[in-house]
């Protein structure tokens, strides 16, 4: 039994549980960093965490960092190098065990769009989006290079689409062996963790299926909030709710309460 | 009029005179470094000197450095970076104005061998040299990338050969436009400075010709010590002997008297 | 040795022009961005810039909002924890600015390629996605094969991609400490400032503080940008404000948010330029604009200890200012 | 956090094997070479090594002279001011060791390519010379097209070369200071230790001194090798001796010359191994072998000031030794 927790907190904890002790892991800013440092604070004290700025050995102090180079991280790092080092030598090289990225849109094959929202397909000629987003950042590099990666995204129909308008970070592309044909060193997304549950790819088709729902959600709610015909895994399960220890660890990391808003 | 000086000292001074104030210059260890730092001490105080280790702003202290990372250079450097930076970003990029390299053998087109001495041609199948030398080191990178470079070499028939057995560092290859056809960013050797005089390439054929002799040498001695049919430039001149100021500057740099042995 | 320290106004006059390829930005949106240089670009009415920013910063956000940028290339176009970059997105959405998208590693690699003067850089990222197939600078072709063309690995025979190297006309780079010859120390991640300093045709440093060269001789391994590749040094405390400079000052959270809110509209942007770009006459005026109390508060952050080893070599404000040549402040 | 500090003997036992690709060497022949690791390789009778050294050092000279190396790749094969490397050249001339020649930049680039896991690295140097056309590992082909094959730039259509990346099984890297988690500071040029630390499958550090992690948190920009990529740390003062370690000790000129002279003959090499490889039982024995007076003299060099900022964090000898796990010294 645990105390009250938010959907965002459940998502962060479920994501953190995917990270194993000792792994080389890269976290982005925001939710991704909270989930990662939660894992370190809770069950994976030996996780070898980095950010794409080449910031090593740091633990956020004074609240969630504003960015991956924020002074809240710079305050206790043991090493600062560079983007080329972190994203190149340690991630694109295939060395990094796990990364966490966010998404504005994600599709049935785990492709991610963080570039923009268009009014319909882009068409043959490129044109600016109606709503410009943040671009690929380091997420594309993580998606290409990390051994596996996790996608964290709020579960809403507009975000879960049949096909993303623009692939900013490749999942399994058209599914099947499409990803292998490009020759990426990284293995692709191993899970999409949402505010309602967890989706995992079918080993052959690489289409994402509903693998688990949260104690406060259910299959119907998830299907209603997914913009494609989501298949439900034969082994569908309910995710255990956060333990008191997990919640305490998360809230130490999320000092400024970003996930409780 | 100047006091007595050695042939090696004349060679170092003649080499140093080729370096202009403000140039970005790379020096190797030994004679090359003496010539370069002589120029800095004498007429080119603003020369931007580096070594291939990425040692910037240093002036040797306590005698000639044993190597380009010797503590005699490390003692007053303003910046240490790396080989990739010095030889890559600053030299192979085409940014460096001038480099100085040495040679065990040099040929009529300014190609340099520092790899080994074989008993005759190597033949179709590669085989180890009879006498193994130091290899290409950073000289090949300087020869490919520096805007121009200077070759310093003792003037002996065994060193001045029709064709080097092994091209460790490219001069003008087969002459003519052979160098251009490879597409090097660097311009090639601008002079061979020896213990007897100075050779410079013909602008078209790129064959090295005798451009100047030292006060203590002469055309006959130079021809007798050159293993190919050396052409004499129409503008042949005698190199002015070292001034007292030049000798004093050189000897401050050559504190341990390497050039006077 | 003559000093390379010049005023900010002189640096912009001397090294910038309309239509140039201008590189800046630094260690991600919330830190070490030479935004003071961008403010001066606006004061001198530079326009039609081709901006090369590894990642967007408040500088690019401001330049874009003010209409000074025609084309931009970057890896990340947001403001991290501060949300979307309202000035930049407005310019893109209105079609006033064409943004070419790459990833953050791609930008670092393209700068490395420029630094090494390679004709192309091997690409194992960005391939297989719309970063490869869509080219904003050449919109009519789809899928585009010119942005990140294929190249065949001669060892295995398999295909990867090729990035085009970057060689910007000028890089304005924020550093924590510089001496008068341009030797510079960065505290905090380099992000891609090392590669950028070698890739750019010219480098101007914006230093939060000047130090005696003895500091560099004590810490030569920290001097990742040596003076031999630096054109000029500008002394400009709080050069990255409202962004952070590790060891020097924290991010000014309130100003970050207010600024981004303002840049979201035409009128807001104009007001911001009036109040925070055109409003000061010189460095001291700029520092007054931030405010004495605010500067003291930001300087008192948890990373201040990072600066401790270098404090003994810091030139006092008046002495540092007196080094500047080039006329007005 | 468990310490990564282990004894030298344990490091060699755990991470090396006959026939492996072994990378070491460091900042050129006269400085920062992890030669103590090479001595231990000989003590444990490792052989048939494929040595990857950016440039030759006394370590490669010794390993080659003692017959432990079958193949080697390097950029520079001499000893700089100390002349030719007699042990290495003897092994090459006698055909006991096959040396593949590259330039110094080529080796750095090949390590960078390994670090980035690229299939090839663009080559604008080494092409057009016998470094490209002659391949010692494949001697029968001339001109050789497999060592540095041509690759076509997809932007211009012109040809350049392609280097094969290096991914050695192990890198033994000399660093000035390390903490028990493997965060490391190098004083003096990195040469290619940064790239090597990322290219190698495993990294073992040989540190002249151990420091408290607080030192790393004070100087994170100096920690160019973070512990997250380091397998083990060996505490070994004078690890580069007779070569130099800037800030720590000068080159031992007499020993450099005597050693190189000895390695020039079979008997001399055997005597050297007897006297300076097999002669000590542990670290203290090694340090005695160098001699108290000599160590004091070498430590008193003109670069000693470079170490000053870090002295307060140095672990005393006994404390540093006590951190080692893994049985005998």
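Going by the order they are written in, the chains are A, B, C and D; count residues from 1 in each one.
Throughout what follows, contacts are C-beta pairs under 8 Å (C-beta built on N, C-alpha and C of every residue); 3 or more make two chains touch, one makes a residue touch a chain.
Everything numeric here is computed off the predicted structure, so don't read it as measured data.
Peer 1: Which chains lie in contact with each of subunit C and subunit D?
Peer 2: Common neighbours, subunit C/subunit D: A, B.
Peer 1: Indicate the lowest number of steps between subunit A and subunit B, counting one step per move to a touching chain.
Peer 2: Counted as steps through touching chains, the separation is 2.
Peer 1: Per the definition at the top, count C-beta pairs in contact and tell me whether B-C or A-C has more.
Peer 2: A-C
Peer 1: Just how far, in Å, is the C-alpha centre of subunit D from the one of subunit A?
Peer 2: That gives a centre separation of 40 Å.
Peer 1: I'd like to verify one number: the distance from the centre of subunit B to the centre of subunit D, where each centre is the average of its C-alpha atoms, in whole angstrom.
Peer 2: Using C-alpha averages as centres, the distance is 28 Å.
Peer 1: By the touch rule stated above, which residues of subunit C touch at least two different other chains?
Peer 2: 116-117, 124, 158, 160, 187-188, 190, 220-221, 224, 306
Peer 1: Which subunit A residues sit where two or more other chains touch them?
Peer 2: Subunit A, residues with two or more chain partners: 74, 80-81, 88, 92, 185.
Peer 1: How are the chains arranged in terms of who touches whom: line, ring, star, complete or other?
Peer 2: other
Peer 1: Which pairs of chains touch one another in this structure?
Peer 2: Once each pair is checked, the touching ones are A-C, A-D, B-C, B-D, C-D.
Peer 1: Which residues of subunit D touch subunit B in their complex?
Peer 2: 27-32, 54-56, 74-78, 80-82, 84-85, 88-89, 92-93, 95, 98-99, 101-109, 112, 124-131, 134-136, 139-140, 142, 158-160, 187-192, 194-195, 244, 246-247, 250-251, 253, 256, 301-303, 306
Peer 1: For a test of understanding, state which residues of subunit B touch subunit D in their complex under the given definition.
Peer 2: Against subunit D, the touching part of subunit B is residues 29-30, 52-55, 61-62, 64-72, 74-75, 80-84, 87-88, 91-92, 111, 115, 122, 124-141, 143-145, 166-170, 173, 179, 182-185.
Peer 1: In the complex formed with subunit A, which residues of subunit D make contact?
Peer 2: Spelled out, the residues of subunit D in touch with subunit A are 1, 115-117, 179, 181, 183, 198, 213, 216-217, 220-221, 223-229.
Peer 1: What part of subunit D is in contact with subunit C in the complex they form?
Peer 2: Against subunit C, the touching part of subunit D is residues 116-122, 124, 149-156, 158, 160, 162, 164, 185-188, 190, 218-222, 224, 305-306, 308-309.
Peer 1: Looking at the complex, which residues from subunit A come into contact with subunit D?
Peer 2: Subunit A residues touching subunit D: 24, 45-46, 48, 50, 56-57, 74, 76-81, 85, 88-90, 92-95, 185.
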